[in-house]
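Each of the two complexes below includes chain A, the first together with chain B, the second together with chain C.
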Partner chain A sequence: MKRYDAIVIGGGHNGLVTAAYLARAGKSVLVLERRPRVGGAAVTEEIFPGFKFSMFSYVVSLLRPEIIRDLDLPRHGLHILPLESTVTPMENGDYLAGWADHDETRRELYRHSPRDAEAYDEYGRLMHFMAQAVKPILSMVPPDPTSFAPGDLASLWKLGKHFRGLGAERLHALVKLMTMSSADFLDEWFETDVLKATKSASGIIGTFLGPRSPGTAYVLLHHYMGELDGVFRAWGFAKGGTGAVSEAIASAARSFGAEIRCDAGVSKVMLKNGRAVGVALENGDELRASIIVSSLDPRRTFLQLLESDSLPDEFVGDIKRFKFRGSSGKVNLALDALPSFTCMPGIGRQHRGAFSISPSLEYVERAYDDAKYGEFSRRPYMDIVFPSMIDPGMAPPGKHVMSIFVQYAPYNLNGGWTDAQREAFGDAVVNTVESFAPGFTSHILHRQVITPLDIERITGLSEGNIFAGELALHQLFFLRPAPGWAKFATPVRGFYQCGSGTHPGGGIMGASGRLAAMTILKNGA
Partner chain B sequence: MSYDAIVIGAGANGLVTAHYLARAGKRVIVVEQHPAPDPSADIGWIPDVVIRDLRLSGAGLRIDEPDPWITAPLPDGGTLELSRDVGRSADAIRRISPADAAKWPDFCHRMRTLAGVLERLYLVPPPDIETTDPRELVRIGGLGLYVRRLGKQAVIDLARILPMSIAELLDDWFTSDALKGLLGALGVWHLKQGPRSGGTAFNFLHHHAGSPLGVFRPTRSNVTQALSSLPGVEIRRDARATVLAKNGRATGVTVEKSGDTILAPLVISSAPPRATLQPIAIELDPEFARAMSNIRAHGVVARGTLELSGEQAYSTFCLAPSLDYLERAYDDAKYGRDSVAPYVEVQRTNGRLEVHVQFVGRGGHEDLSKTVARLLRVQPDRLELSAAPESLYHGELTLDQILFMRPVPGWSRYRTPIAGLYLCGSGTHPGGGIPGAAGRNAAREIV
Partner chain C sequence: MSLRTTPFHPRTAPLSEGQAWRRWAGYVVASSYELSHDREYHAIRNSAALFDVSPLYKYLVTGRDARRLLDHMVTRNVAKAKVGQVLYTPWCDNEGKQIDDGTISVLDEQTFRMTSADPTLRWLHLNASGGGLEVQIQDVSDTTAALSLQGPSSREILQIAAEQDLSKLKYFRLTDATIRGIPVTISRTGYTGDLGYEVWVHASHAVPLWDTLIATGTPYGITPAGMLALDVARIEAGLLLIEVDYFSSRHALIEAQKSSPLELGLGWTVATDKERYNGQAALDAERARGPDWQFTGLTVDWDSLEALYADVGLPPRLPSQAWRTSVPIYDRGGRRQIGYATSGGWSPLLKRYMALAHLGSEHAKPGTEVRMEVTVEHRRKQAQAHVTPLPFFNPERKRA
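What follows is the complex of A and B.
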């Protein structure tokens, strides 16, 4: 039987990135994917005949440029198309728009508030700078602050020096970003409610927090990170859907010699003398390798693939405490015509960008209130895009696909998610869109409603958390996924973790997968 | 009459600053806007060093040590009473949840260790993270070493727990709603946040500082009264004062009613930072002025007294039956209204029954007394409440407004851009709920 240098469990984008980097370094690598296709939560599927959807994750922004370069992804079919605008319809029939053209955005802001238009440039400069300051952390293996090992101390020292080098004013801004609520942070800059609501909405995505909850300001930075890399704009579509990103990474991995096997779910990691030696598949097969890497979330990685007696009690406790609390859902629609929004009637360039249903801070905060007490939002926050407007291949000629990211839909719904509840949730989404775009409902040909429970069932992400574990301050950096075990190694020798549940996690970034591969190679796989 | 220093405000911090300055040989006058001393109890830890330095024990300082320290009603009609003895508290908790009782001692010890770290940070000026001064770097290094010597668990707990919500922290440990409610209330104390908001675990620990193991309510005392009776500084009451400044220098204060001017080269204000600096805004640079206007200081508390005939049975009676109850109380305030079902606590100190109510919104508070009276099952006319329009802490204790960020980033050393003008109130490090700590730190910086 063939013995591999490394087996990667899970063919999501991080697992594929790890596999590609290991294969590139000359290792024999096998990727095992439970589903019939690779991608995990970054998949494109033809859900209705002729209509293709990025089923879960739908925009690309943070994919690390070094990964695109190292793996030569454009050669493997990666093509990012820019998302050109964001339009927020307001309850009074007006709108707030942000366009690709900076001057146009400024003019639009000026219409709402001359003061905010002035502040916007200064805000942008600060955020650009802060994003630059935080970026090195994304490419860094977190040091362990409790360790006295020279490597950790040196790393902590470097980190301290880096932050002190920012200068007082920016250091203070960083502390504020890390600790404040996005609403409070934006209150210091702007007065236009709809602007604050739309900006703060990006801070709540994937969290079980509202715009007034401390800890949401930090995510505002993410929007300025992608842009800075100069590779593409802040948000974009992958041609062919987000599944095309996964396919490109898979293709790169294969080109380096990695083997990828689908329909191959792993049931257990096999240990011998406390060391990982192989995996047992759901079909009973056993495969062996010197290194086993899991890209599954921490709960599945440690509580499902391993027997709990193979791990220290304290560590098991930490993993059990790691929070998931999925809060988002997705509604995918096949349309026979695009909807016309009251605030900007007709069909036009606005449909090549996003519509953000975040008319006021109070609207978004109330959406959160529903979820706090176990209900889905009656009037949810939504991020709507029409991928077929940018990539016509996603729908039959003359028809369209509409992707609606919805928050909040709590995993632990009162009474649990049933088919009836799923449809009620879908109705709430459709009715809310209808209130901003009358007549829209009549254009719906097909509808797919995805609850957090569905996300969990299909992708395996625990509690349907799209980041494989909440991106909260106490679950980041050297605490992700557990204190002392944030460096991709695990308490089991020969067993590594590389998914979004490790540092830095979140979004289609690939940074976790890359850092894990580098760590494995450094440790001498 | 000439003075070396004028202190604005005769609260605990103002008086502590005044007395430390007097001890250093300065002629000090304290100007206070209210005509009479506030009879209500001082709530919060009085650092031992302040008691010792100012010989407060000889000045009639009285510190309450109620036992049990809290009583909360249970849904079945009984009560949960927690004592100063950890074992007895565990026995009480066992009647509602054996699992929670088993964890109680460990929880108390973990929280005590973390509060100990805060206590150490609070008795000195906040660490200056931008410094290049070797002495300050050594001091910061010393703090770091102290924390690491507490062990691995303490370092991890600090990093993990401080940014957490009190709800997450308590859910990690306990199952009983009653227990989590009465503990969770301390996490939102004087804060416009609900128990599910990040940073409320820090607020909980802040208010545990100075309390013994297993006691999660701040000390009550008469420290302001004791300080008022100490000789050595002149106190002028009924004298609302405004700072005078010229060419970037403080020159004294004017007293509102009489129109008097008192001159001194040093002016130290224990009033809220924003209120202190507003009248001389023209002397400030725009960045600093903007930072001042950005201080978050929402008023969320109503306080008052309750008149009851006959003996009241409890020293502290807490109505916060669950974390969800607190969260819903906050929801109302989030949208500007008084809580329909507020968190209410009644504290008996020296025969007075003082009431603490959270949350209040922005508007009038017509129904608040009625609501609270109904919850406490007393006649509304027995209750007198007044809502504070601004934070009684002169700035909420959120993670972005503590340590070197308090009162505004870069100005945490009690100084202001106006030479000779200092701050010494709750709006400065370490903040409210620790009467005298900011006052002492400020006086030491000035001297």
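What follows is the complex of A and C.
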């Protein structure tokens, strides 16, 4: 029987990145994917004949430039297309728009508030510094702050020096950003409510928090971190949908010699003398490797693939407490015509960017209120894009696909998710869009509603959390997924973790997968 | 008199959001229609971009000896070219130095259309005179309008618009066709290195042709695009540009400004199987001893560039448009200049900072490490780069 240097469990983008880097270093690698296709939550599927959907994750955010470069992803078909504008329809029929052109955006803001238009540039400058301060962390293996190991101390020293170097003013701003709610933080800068609503909405994505919940401000940085990548512009829409990103990484991995097997779900990691030695597949097959890497979320990695007696009790407790709390849903629509929004009638360039349904801070906070008490939002926050306007290949000529990211849809819905509840949720989404774009409903050819339960069922992400574990401050950096075990190794020798549930997690970044591979190689796999 | 507008101007003018126009052969064409050329660029690689390329110089060369004249003038073998074929070719002076480059379309046994970047009427006449050739030369630059439709969806769009079957039209071949009743010539050519076509039409039909292509192409993402987008694509495709990447030997003021096709990476266009042609002896000799220069791609190593910027506390910044200035290239040690880059820019598709450069032949082997001058916060620095074979981007669909 063939014995691999490494087996990677799960063919999501992080698993594939890990596999590609290991194979690139000359290791024999096998990726095992439970579903018939690679990609995990970054998949493109033709749900309705001729209409292709990025089923779950729908934009590429912060895909690490070094990964694009190291794996030569453009050669393997990756083409990231810009997604540059955001239009936020308001309840009074007006709108707030952000365009690719800076002057145009400033003039639009001026229409709402001359003061905010000026504050916007200063805010942008501060956020640039903040992003610059935080960014090195993304490509760093988290040091353990309680450890006296030379590697940890060196990392901590470097980190301390880095933050000291920021100077008082910026350090204070950073602390505020890390502790405040996004609404409070934005209140210090702007008076235009719809501007604050739209900006803070980006801070709640994938969390079970509202714009007024402390700890949501730091996500405001994400957008600016993308800008630090400059021309890399790793922010946008992948030609062919997010599945094309996974396919490109898979193709790169194969070109380095990795083997990828689909329809191959793993049921257990096999141990011998406390060391991982192989995996047992759902079909009963057993495969062996020197290193086993799981890209599944922490709950499934540690509580499902392993017997709990093979792990320290304290660690099992930490993993059991790791919060998922999926709060997002997705509605994918096939349309025979694009919707015309009341605030900006007609079809035009606005359809090539996002529509953010976040007309006011109160609207978004109320959407959260529903979720707090176990209901899906009657009038949810939504991030809408029309991928067929950016890549015409996503739908038949003249037809369109519409992707609606929806929050909040709590995993633990009162009474639980049923087919009827799913449709009721879909209706709430469609009706809310209809209220901003009357007549839109009549253009729907097909509707796919995805609840957090569906996300869990299809992709395996526990509780349907899109980040493989909530991206909340208490679950980041050296705490992701558990104190003492944030460096991709696990308490089981020869068993590693590489998914979004590890540092830094979140979005189609691939950083977790890459750092895991680097760690494994450094440890001498 | 002001600059001329092209026959498509009634349609292109209202599209210009920023009134950004560029001069081209005495005409004005769009630099970009939108405020940024970003989307126009991506259309070339993602769907289909529509360019107005009417300012090209175009000549109709006809008569019994038309083929002989052209064969004598250019470096490609025109004698062997088949009807329906398009040749990309340079042409040289007697010293084998390049005058210009363009295309020759074989419309029928005795009818050829030549395109060029510089006016070529006089050179054609000079070459025709003396030999007693029976040939007519007509400047059709103003009466022939041209559109270039480039990108993965270009075939689908043209196929719907045209009444003829285009599926058999191969790379660098042409065919007569009609588009909604308008007689056109369609050639599978372009300046993007992608799947693409150029549509040649009498100027009087220009506007209805534009309208038809836009109407047909809209569901496929057709996007009018300007020269800024084209400039990025042609660098990715490794296609050189006169007055930017080389100087016409007829304009050069000193010998050093001249280049031969062998030095410009165009060795493949210099036929070895034909009778006498302009520059033959010099080119034969140069081929035998090996050219002194090579025209090649460079990829700037990102980590090196990032480090230069990090030194001054900045994230890396690149010009948002392709540049066309001469930039010194040094050897690995950074001391000795070994050549110069003439075009460069960021490839949004390949996520790479690329440049086209002239390097001394001994430094032009693919993979060779070199250094390129970059200006970081007003100071001259050197970024590490390596020699990359051209083209940077060469999709299968281009020829498929």
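In this section, the second predicted complex is superposed on the first by the 520 of 525 C-alpha atoms of A that agree within 3 Å, B and C clash if a C-alpha of one lies under 4 Å from a C-alpha of the other, contacts with A are read in each partner's own complex, and residues count from 1 in each chain.
Everything that follows uses one rule, which is that a contact is a pair of C-beta atoms (placed from the backbone, for glycine too) under 8 Å apart; a residue touches a chain by one contact, two chains touch by 3 or more.
The structure displayed is predicted, hence computed values, not measured ones.
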{"item": "Clash or fit, chain B versus chain C on superposed chain A", "value": "fit"}
{"item": "Contacts of A:G524 with chain B and chain C, given as first, second, both or neither", "value": "neither"}
{"item": "First (chain B), second (chain C), both or neither touched by A:L81", "value": "second"}
{"item": "Angle at chain A between chain B and chain C, C-alpha centres, nearest 10 degrees", "value": "130"}
{"item": "Partner chain(s) touched by A:T146 [first = chain B, second = chain C, both, neither]", "value": "first"}
{"item": "First (chain B), second (chain C), both or neither touched by A:P345", "value": "neither"}
{"item": "Touched partner set for A:R69, first chain B, second chain C, both or neither", "value": "second"}
{"item": "Touched partner set for A:K372, first chain B, second chain C, both or neither", "value": "first"}
{"item": "Superposition-derived comparison: chain B or chain C, residues of chain A touched", "value": "B"}
{"item": "Which superposed partner A:E104 touches (first chain B, second chain C, both, neither)", "value": "second"}
{"item": "Which of chain B and chain C A:G398 touches, first, second, both or neither", "value": "second"}
{"item": "First, second, both or neither for A:T179, with chain B first and chain C second", "value": "first"}
{"item": "Distance in angstrom between the closest Cα atoms of chain C and chain B, superposition on A", "value": "20"}
{"item": "Interface residues, chain C side, partner chain A - complex", "value": "35-36, 38-39, 42, 45-47, 153, 219-221, 302, 315-318, 320, 346, 348-352"}
{"item": "Of all residues in chain A, those that touch chain B in their complex", "value": "145-146, 164, 167-169, 171-172, 175-176, 179-181, 184, 187-188, 209, 212-215, 321, 323, 362, 365, 369, 372-373, 472-474, 478-479, 483-484"}
{"item": "Interface residues, chain B side, partner chain A - complex", "value": "129-130, 148, 152, 155-156, 159-161, 163-164, 168, 172, 193, 196-199, 290, 294, 296, 324, 327, 331, 334-335, 398-400, 405, 409-410"}
{"item": "Contact footprint of chain C on chain A as seen in their complex", "value": "65, 68-69, 73-75, 79-82, 84, 100-101, 104, 132, 228-234, 239, 352, 391-392, 397-398"}
